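Shared between the two complexes below is subunit A, which has subunit B as its partner in the first and subunit C in the second.
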Partner chain A sequence: MYLKTGVTPSASGSAYLEIETSAKPGVSGMKLSCSVHGPRALPRSAPFSPHVVLSTHVKYAPFATTQRRGYLRDPSERDLGIHLEAALRGAIIADRWPKSGVDIIISIVEGDQDRETSRSQGDEVWDMMNALSGCITVAAAALADAGIDCVDTVAGGVAALVQAAGDDSKPSIVVDPIPSEHEKILAACCIAYLPTRDEVTNLWFRGDLPASELELYTHMVEKGILASRNANRVLIDCLRETVE
Partner chain B sequence: MTTSPPTLAIPGQLLGPSSRFQPGPGTHLHEHNLYSSLLGQVHITQPLRAPGPAKRLTKITPAPAPAELPTISVAPSSAGRSTSSSSVGGEESARTRKKREVLPEVGNVVLCRVVRITPRQAVVVILVCGETVLEAEWQGLIRVQDVRATEKDRVKVYESFRPGDIVRAEVISLGDQTNYYLSTARNELGVVSAMSEAGNTMTPVSWKEFRDPETGVTELRKVAKPQ
Partner chain C sequence: MASSQHVLLSPAELAYLHDSLSLTPPIRPDGRSPAQFRPLVAETGILPGTNGSARICFADGTEAIVGVKAEVERTAQRAGDDTVYLEGGEGDEEDVEDGEAREGEDKRKGDSAWVEMTVEIPGLRDDDSGTAFLAAMLSEALLADGEFAKRLWINRRFHWKLYLDIILISPPLSYPLPLLSLTTHLALLSTRLPRLKSEGDEDPFFDDDWAAAPYLFPRTPTTTTTIATTARPPITLLVMAVGNNIIFDPSKEELAVADVALAVSVTGSTAAPHADDAEPEPGRSLRLLSIRTIDPPSRLTPPGVANAANSAYGAAGTQKMLEAATAEVEAVEGVWKAPRGGAKRVVLGALVQKVLERGGVVDEVLDALEGVDLG
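Coming up: the complex of A and B.
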């Protein structure tokens, strides 16, 4: 995992994140770049707001995934933007900036996908989870670089319930899953977590689990928090390096 | 308890208990502890001592005044950034020049330029807030009743401001959706720099007049008292 702040000079804050997933050839990592613009004046048509208005844009580059993406934002990218906004809103002290707007723009330069296999249709939803957790981490770094008041550094983490090749084997929980490495993913959750506050600002659960196994749900959330704590360590190291 | 606060802070870092410090800019209070909310350097400012010898107590006051605590604040460090990118000269100057954006707040004295005037108000854009030049332009409004403190009913906006004037004003309200409300109802507030109709920079001659040094023509303004 590689994180650097201050990559875009024209933005008030920016960050770049690279996640290398495995040594397996043909499997690329994820590359994200985030820029934060503002705080700046709201457009004239906007109503009075006593706190900062966040707007988040997440866009896959057309060449980021095996399936070529369009230039317009599609519903899954919009979805990512909404989840990201929810995750960041819990971390920002919004009333320090009345009457102003902050734009957070993330471009996913390279999505985390296996180039060898062509079956990746079903994997896309799980890839979105990994993308969201990367988006949250990189946006937190860019917000800190922009000097926007935050309660804590928020970082994303993913946990997934996977089943190995054999059909009757017991499913296990993995942290930061790589969809191409597992035969079958039963469920996944993406968590945005504030470590010093011990608060979860966003929780996204996907998949089908039997409702009776409540313990499984809490286990997955705990693993997600663990993954987010690991990401946070990288984030803090990077910020410390920036300020020194 | 006795550990000293860190010199560098990242958002969410514990700075100390609220019994030792007062929260300043860039910090926030959570469950009796002070945390940093910005990335930067920690500054501790001691409270100003009351001038002169302490007066003899003539009345009973609450024993420890909370203002006696030092204020702790976090400011983004521009100097720290330049060292990290000192290898690239152009980038370095760009990074050090960049400062954290500030917003006009109620009570701030700002410098603004008059954009247009109507009989009821003057529309201005705020350029400088306190000591810092703003990156974004914020629109402000000086209403006719806020132009001066006396004889408010006789104020005429066109006798006080003209488009293009640079005005020193005080923010009195965050205002509505688009405008900050400003006031010049103080001696030291008002027009600081104005151009005459002939296009020359004028000099103030009285509290309500500017004179063009070349043509000798005087024009009416709400003049700021020179400092």
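Coming up: the complex of A and C.
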């Protein structure tokens, strides 16, 4: 994981994140770039807001995934934007900037996908979770770079319940899953976590779990928090480096 | 976004509401118990031109219509395990043998692209992120287990493409998620697809007798595995926590003081009672499909000002202004402050557990929806 802040001079805060998944050729990892504009005054026509108005844009570059994306944001990208907004809204101390707005723009330069294997069913959905956790981490770094007050640095983490090849093997929980490496993903969750406050600002779970196995769900959340703690360590190191 | 629409409540009203909802037991503004739903009116089969439709009207005046339309579509062929190559005689024979060997196996496949869901909410732009979020949440629940898309399989060359159009016909007086989800559930229950007459991988040919058309979700138990089960479409519930209380189906005002709000999608399948079953499973077994955090609009509410910091109140005017830091951090009893930060994981766990409780709200809602006449 490689994180650098202050890459876009014209923005008030920016960050660049690269996540390397494996040494396998053909798998490139994920590359994200985030810029934060603001806080700046809202247009005169906007209604009064006692808090900072957050707007988030997440966009895959047209060439980021195996299937080409258009230039307009499609529903899945809008969906990612809302998830990101929920994750960040909990972290920002919004009432210090009344009547102002902050724009957070993330472009996913390269999505994390295996180009060698043929597209298997439902893979994009699990890729979206990985993308979201990257988005949360990079946006937190850019917010810190922009000097916007937050209660804590928020970071994203993913955990998944996977089943290895063979029908009768017991499902296991992995941290930071790579969808193409596993035979079947039963469930996954993406968590945005504030380590010092021990709070979760965003939780996105998807999968198929019987209600009787609620411990499995609890374990997944724990693992997701673990993953986000790891991401947070990188984030803190990067910010400390910038300060020194 | 629909959930973050401004609520016209003053800080004092918000503080009052928050306090009364954190009492044990909580006192809700409309007198409901914490796990009680708003009363609703439901009917199905209202649109004759669709494969299935439903309308639900909540007591607060919000109303939604869902229409389900199905079209036959050619399945895009991808080279894979089950591709039949027409050239090469030896391969053909092998395939025949292979096909016989796998007779009992479930050959049906599904693709999430076979379901298209659109949500329309009056007063919101078509490209609003909020509606995209709602549509993604509802279709995610539907497709999470991968079983639903398999129902749309006709043969190896064709499938049904299902269009679910959800329209809220009243202004969004409360966060419309539970309403839309329940209406979709009913519409899917009433959906029927024409009975297939052709066999194998032929071009599909259907029975034109609508009365013979089977339901997408059959009434009678189907034996898929060892136990006979009747699967049901998922429902998505909105749950919120205030203090230590867990409140179901919050209204707009209640959501405005939520500490945390979750949308939890569950599905229930009833196991038919077997005569010679070793352990007859009572009731239905629930499955957790998806959870999403809803950004609670409480984060956007205006904060109150304590008397001590308010120069309009006599004595305070003579006092020195409070330090900015203390004014911001210290919570004063009865003065509203928008919640900051996230939710403790214990709270999140409790919310999910409460939803999945046996004999809880989900059972109640599913039972009630079961009672709707499907016409």
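Throughout what follows, the second predicted complex is superposed on the first by the 242 of 244 C-alpha atoms of A that agree within 3 Å, B and C clash if a C-alpha of one lies under 4 Å from a C-alpha of the other, contacts with A are read in each partner's own complex, and residues count from 1 in each chain.
Quick note on the criterion: contacts are C-beta pairs under 8 Å (C-beta built on N, C-alpha and C of every residue); 3 or more make two chains touch, one makes a residue touch a chain.
Keep in mind the model is a prediction, meaning the values are calculated, not measured.
In the superposed model, A:97 makes contact with subunit B only, not with subunit C.
Once the two complexes are laid over each other on the shared chain, residue contacts for A:198 go to subunit C alone; subunit B is not touched. With both structures placed on the common chain, the touch criterion links A:147 to subunit B but leaves subunit C unconnected.
Shared-chain residue A:9: touches subunit B; no touch with subunit C.
Using the contact criterion defined above for the overlaid structures, shared-chain residue A:236 touches subunit B, although it does not reach subunit C. Once chain A of one complex is fitted onto chain A of the other, the partner contacts of A:206 are limited to subunit C, with no touch recorded for subunit B. Within the superposed three-chain model, A:39 lies in touch with subunit B and out of touch with subunit C [touch as defined at top].
Of the two partner chains, neither subunit B nor subunit C is touched by A:127. Comparing subunit B with subunit C, more residues of subunit A are touched by C. By the touch criterion defined above, A:47 lies against subunit B and subunit C together after alignment on the C-alpha atoms of chain A.
In the superposition on chain A, the residues of subunit A touched by subunit B in one structure and by subunit C in the other are 47, 50, 93, 151-152, 194, 197.
Chain contact summary for the complex, subunit A toward subunit B: residues 6, 9, 12, 38-42, 44, 46-48, 50, 93, 96-100, 144-145, 147, 149-153, 194-197, 236, 239-244. Of all residues in subunit A, only 47, 49-51, 75-76, 78-79, 81-83, 85-86, 89-91, 93-95, 118-119, 121-122, 125, 151-152, 189, 192-194, 197-212, 214, 217-218, 221, 225 touch subunit C in the complex they form.
Only residues 1, 6, 78-80, 109-112, 127, 129-130, 132-133, 135-136, 140, 144-146, 262, 266, 285-295, 299-303, 328, 338, 340-345, 348-349, 352-353, 356, 358 of subunit C touch subunit A when the two sit together in their complex. Across the complex, subunit A is touched by residues 8, 10-14, 26, 28, 30, 35, 37-41, 76-77, 80-81, 83-85, 91, 94-95, 98, 100-101, 103, 135-139, 174, 176-178 of subunit B.
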